[in-house]
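Take a look at the structures below.
Note that subunit A is present in both complexes that follow, paired respectively with subunit B and with subunit C.
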Partner chain A sequence: MFGYSGKILHIDLIEQKTWVEGKTEDWYKIWIGGVSMATRLCWENITPGCDPYSPENPVCFANGIFAGTPVPVGGKYGLASKSPMTGFIGDSLSGSWFSIALKRASWDGVVIHGTSEEWVYIFIDDERVEFRDASKLMGLGTFAAEEAIRDELADDQVRSATIGPAGENMVRFANVTNDGRQAGRTGHGSVWASKKLKAVSVRGTKGITVADPETLNKLSFDITKAAQGPHTSKYRLLGTVTNVLNMNKLGLLPTRNYQEGVFEDAEMVSGEFLHEHNKVKTIACAQCPIACEQMSMVKTGPWAGAMTGIEYECLFANSSNLGINDINAAIKLIEIADQGGMDAMSMGITLSWAMESFEKGVLTKEDFKCEKHPDGLELTFGNGMAAVATAEMIRDQVAVGKLLSQGTKRASETIDKERGTKSYQWAMHSKGMETAGYEARGLKTFSLGSAVGTRGPCHNRTAAYDPDIKGVVDRFTVDDTRGELARSTEEYAAVYDTLPLCKFIRRCFTGKADRAGAWPMIAKLINATTGWNYEYDDIDLIGERAFTIKKAFNIREGWKRTDDTLPYRWMNEPMTKGPSAGHFTSDEELEYMKDLYYKAKGWNNDGMIPKEKLKELGMPDVAEQIGV
Partner chain B sequence: MDNIQVLIEFTGISRMLTEKMEYQLSLAEGAGIMDVVRAIGRKFPLLVGEVIEKDGETLIPTNLFSVNGKQILNEKQLHYQPKDGDRLILLSLLAGG
Partner chain C sequence: MAVSTSKFNYIDCDPDLCIGCQICEYVCSYTKNGEYNTYHSRIRTVRVDEVLITAIACRTCENAPCVISCPQKALSQDPETGTIRLEATKCDGCAWCIDACDFGAISMNHEARLVEICDQCENEEDGPQCVLWCPKEALALTTPEQRAQKSRRELIKQEVIGPK
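After this line comes the complex of A and B, so read on.
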């Protein structure tokens, strides 16, 4: 077999033993890698209905088909478990050196079972596995933990995926970090902590064999050259933070807990401002010629020295969404999230819920009293100092930080039950995961994509903002094209998430990012790597299969149609300012769009998947369990 | 023929290349978006090849104009004729982040 070793490594934390599962080439042809394979491994190895924090919830890594090859932006891996935020599939992607090390260690996937008695980290040294005492790593931030492991093992080629103190403290939206990149959203860090798993470290020393190295090299060279030209210069020069002003100009920049879509001080927290005042370096992931990460530093003031990579989603969540116009406060907040090992989006949106709750009297200064802040805090919109202090409370599980560490869904449910309040009306989540950086009230197709997302409202998985923002459709109205559009964009995105390839490469194959422009080249890359004979339709199937296995997982975990919904605010409160003023997505509109979407997917009107459909997609076992 | 005035707002890469936040453009009444593209390409040559195609006639894909923040002009709407006082926001769209 080319492109794969044919082996999945299983690790049992309870008995500290390992075993190897062989997989057939036919299995890989269906599941490929990334989010699809990770979800499939989770499907195969989880006890359905288990608590996400129980030993029965596995941690599943699935490597990328192109990791360690010359294919640009192919150094990525998928990670999946049952999410403690949603109770459904929690699938994430991360990139860079860890995926390459895992490939060189000859593992296509890793499944970690059970719960350890003591805190450990796992060291995968090619085919040898060690369970190592993690006590000296406890309390270390994500980056510091990676360094400490390299020091302990005396090898700077070791790559580690780690959790930070937030994960150790069971912050529900804690993430997993490797090489400065995060497997974010869905709460992987707290799942690992429930298993007393601090890190997974890998050293891989073997070569990687592909079917047709000459062709693969030539294709990769051409794509790499294109990836350093105008199709990607905006990522390199400014990065995704360009979207702050883009969204603000369209009235779509979440502001003060999504109360509005325009922020009067957007220029002060824009990518342009960051570039001029705070950027120190552009960094690339391993195997990436684009280089999009904007490493930025606070140069003056109380947080001088704070430094981390800044992306749009983290920036909006910790600036405009908090009413904060101080870019330094935003950088500091994101640094707390990154070093502490928390999803910066969920952290920011939970903070914004807390700010609105404070301003409405649901939370008070008393709630913030602790040793460090004996008089409490006034967590009002725009108060950067209080936001930073509260983020630290979340990380450390102190005072109101304990409540907030559970995310907006649980925080609002708890407080409303205890205090007879209605803070659920401003809790910005769907299925338990916080929303993304696009005001969906001004993007009707995206509002559908957010509602039906298998891991929650995720811009990355749905991509349904694309037709709205590019003027393909009227973003303010609903029509009968939206179901098919949401299906098409999510399955398009799922191809990239399954290989995985970073989506920023999508225009570099032919200059056109659509299926016709990208799929033929992707087929050539797969064929040169594996020796298969994939064509256009096979690539399309990759995306449909990925989404279907995720949906099937959710159905088995109890998903029903009413779970596909939107936050109260998006369905009841129109924005009042800016170009998107007057708009929201009504219940009637959403139900209509859901009908169209389920039909476009070939599902029944309850959103359940017919047995025949699952069998067509090569999932007969799934058909037996959840097909209708 | 009377001229109309439109305000071009630059963001992202176009702002970096022009070093301007906005630019007042005088257009002949009845001019279309392609005339706008040609005009700003001539005024700001650094945009050509990065935001505007090398022929100076159209925008490189994912660069779009929004009219007053509401309407977004896709590649099939190049016939749009700006009105006097329109704000044409030159957006360099990118996904992810």
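After this line comes the complex of A and C, so read on.
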């Protein structure tokens, strides 16, 4: 078998023992890797219905098919557990060295079971596994923890995925960080903390061989060179932060907790501004010839020296969305999230919920009183100092930070129950996960994609904004094409998330990013790596299977049609300013589009998956358990 | 500390351009060992912190300390190119040369018990593969004198025309 070792490593934290599970080539042909294989491992190893913080919720890593080869942007892994935010599948991706080290240690996947009594970190040294005392690492930020582990093991080739202090403190939206990249969403950090697992470290020393290295080198070389041209210029030159002004122009830049879609000071928090005033260097994940990470630094003022990588989703959440026009405050906020090990998107949107709640009198200065801030804080929109202080309170679980550390869904539910308020009306989440940086009221197809997302509303798991923004459809109205568009764009994204390949390479295969442009080349890459004979249709199936297993997981955890919904604001309150003013997605529109979507997927009208469909996709055991 | 001579080529990396992707290491290990394994790359990327990233390979030093230190006389320096040659039958993998190299540019192949040193891909028609593949043109086959010239030219351009 090429491209895979055929081995999954199981680690039990309770007994501190390990075992190896063999998988067949046919199994890999169905599940491939990344989010699909990670979800499948979770499906196989979880106790259905368990509490996400219980020992029965496993941590599942799945490597990528191309990790450790010269295939551009193939150095990524998938991470899955039941999400403590949504109660459904929590599937994330992260890039860079960790996946490659894991590949060279010869593991296709790792499943971590149980919980530990004391804080530990796991060291996977090729085939050997050590359970190591993590007490010296406690309280360290993500980057510092990685360095400390390299020091302790005296090898700078050791790669670690860690949680930061926010994770240790059980911030619900804490995440997992490796090599400066994050498995960012759905709350993996708090799941790890519930297991007293501070880090997973890997040293992989073995070489990787593929079925047809000459072909793979030739293809990779051409893609590497194409990735220096116009197909990636957006990512290479300014990075994704270039979207701030693009979104603002369309009236889609979430502003002041999604009250509006235009920000009057967008220029001051734009990619262009960041590039000119704060950029230090652009860096890449391992195995990536594009390089999009804009390392940016605060140069003056109270946060001078703060530095982290800035991309669009983190930036909008912590600038326009907070009414903040000081780029330095935004960088500091994102640094707190990155070093502390929190999802900067969920953190920003929880802060914006708190700001609106403060302005509406639901939260008061009193709520912020603590040792560091004895007079409390005035957390109004635009107040960068208060936002930074509150972010630290979230990370450290101080005063109102405790409430906010649970995310917008739980924070609003708790406050509304306690104070008889209606703050759920501005809690920007669906299924318990905070929304992405595309204002869905001006993007009807994307509003459907967000509602049906298996891990919650996500810009990465669906590209449904694409036909809206490109003008393939009218982005303000609803018609009978939207179900098929949502299906097709989410399965397109799922192909990349499963291999996984970073989507920023999508135009570099042939110049065209659509299926016809990308699938034949992706099939060639798979075949040269594994020796299989994949064709166009097989690539399509990768995406359909990935989404199906995620949905099946959710159904087994109790998903119902009513869970596919949108934040109250997106369904009831039109924006008043800019090109997207006046629009929202009504209940009738959403239900109509959901009908279309379930039909396009080949599911029944309740969103349940027919047995036959599951068998057709090669999932007889799934059909047995949840098929209708 | 040993120095590079002004006459020999070596693989130079511009830290301002290097993005830390490690593609050079993949290509090197494949070219030299037939498998992708950065442990067997003769060029190594170094990430000191989040932004200080570069790559290092043999600097073709004058009076190369690795050659002097080799107790088995397995290493010699090509007088034409400055590259270090290994006589495999003599090398016993004692690693003295690794100790002697100030650039950390020599690594041990534990399976073969032989050391591995950059030879600038002398057997490849199109020259050093890392230079050929480097997506950001951070790598170059150059001499210290050529590099100094480049720095001088860039400095003058910046001072006269202004920053890029």
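Going forward, the second predicted complex is superposed on the first by the 628 of 628 C-alpha atoms of A that agree within 3 Å, B and C clash if a C-alpha of one lies under 4 Å from a C-alpha of the other, contacts with A are read in each partner's own complex, and residues count from 1 in each chain.
Everything that follows uses one rule, which is that a contact is a pair of C-beta atoms (placed from the backbone, for glycine too) under 8 Å apart; a residue touches a chain by one contact, two chains touch by 3 or more.
This one's a predicted model, so the numbers in the text were calculated from it and none came from an experiment.
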item	value
Side-by-side fit of subunit B and subunit C on subunit A, or clash	fit
Which superposed partner A:419 touches (first subunit B, second subunit C, both, neither)	neither
Contacts of A:504 with subunit B and subunit C, given as first, second, both or neither	first
Partner chain in contact with A:469 - subunit B first, subunit C second, else both or neither	first
First, second, both or neither for A:560, with subunit B first and subunit C second	neither
Subunit B versus subunit C as contact partner of A:283, first or second or both or neither	second
Partner chain in contact with A:579 - subunit B first, subunit C second, else both or neither	first
Angle at subunit A between subunit B and subunit C, C-alpha centres, nearest 10 degrees	80
Which of subunit B and subunit C A:237 touches, first, second, both or neither	first
Touched partner set for A:221, first subunit B, second subunit C, both or neither	second
Touched partner set for A:311, first subunit B, second subunit C, both or neither	first
Closest approach of subunit C to subunit B (Cα atoms, Å)	12
Overlap of subunit C and subunit B interfaces on subunit A (superposed complexes)	none
Subunit C-facing residues of subunit A, complex	68-70, 97, 100, 104, 143, 157, 180, 205-210, 213, 217, 221, 224-225, 227-228, 280-291, 295, 307, 309
In the complex, subunit B residues that touch subunit A	9, 11-13, 15-16, 49-50, 60-62, 64, 66, 68-74, 77, 89, 91-97
Of subunit C, residues touching subunit A in the complex	16, 19-23, 26-27, 29-30, 33-40, 50-51, 53, 133, 135-136
Subunit B-facing residues of subunit A, complex	230-231, 233-235, 237-243, 245-246, 249-251, 271-272, 275, 311-313, 437, 459-460, 463, 465-466, 469-472, 475, 503-504, 507, 511-513, 578-580
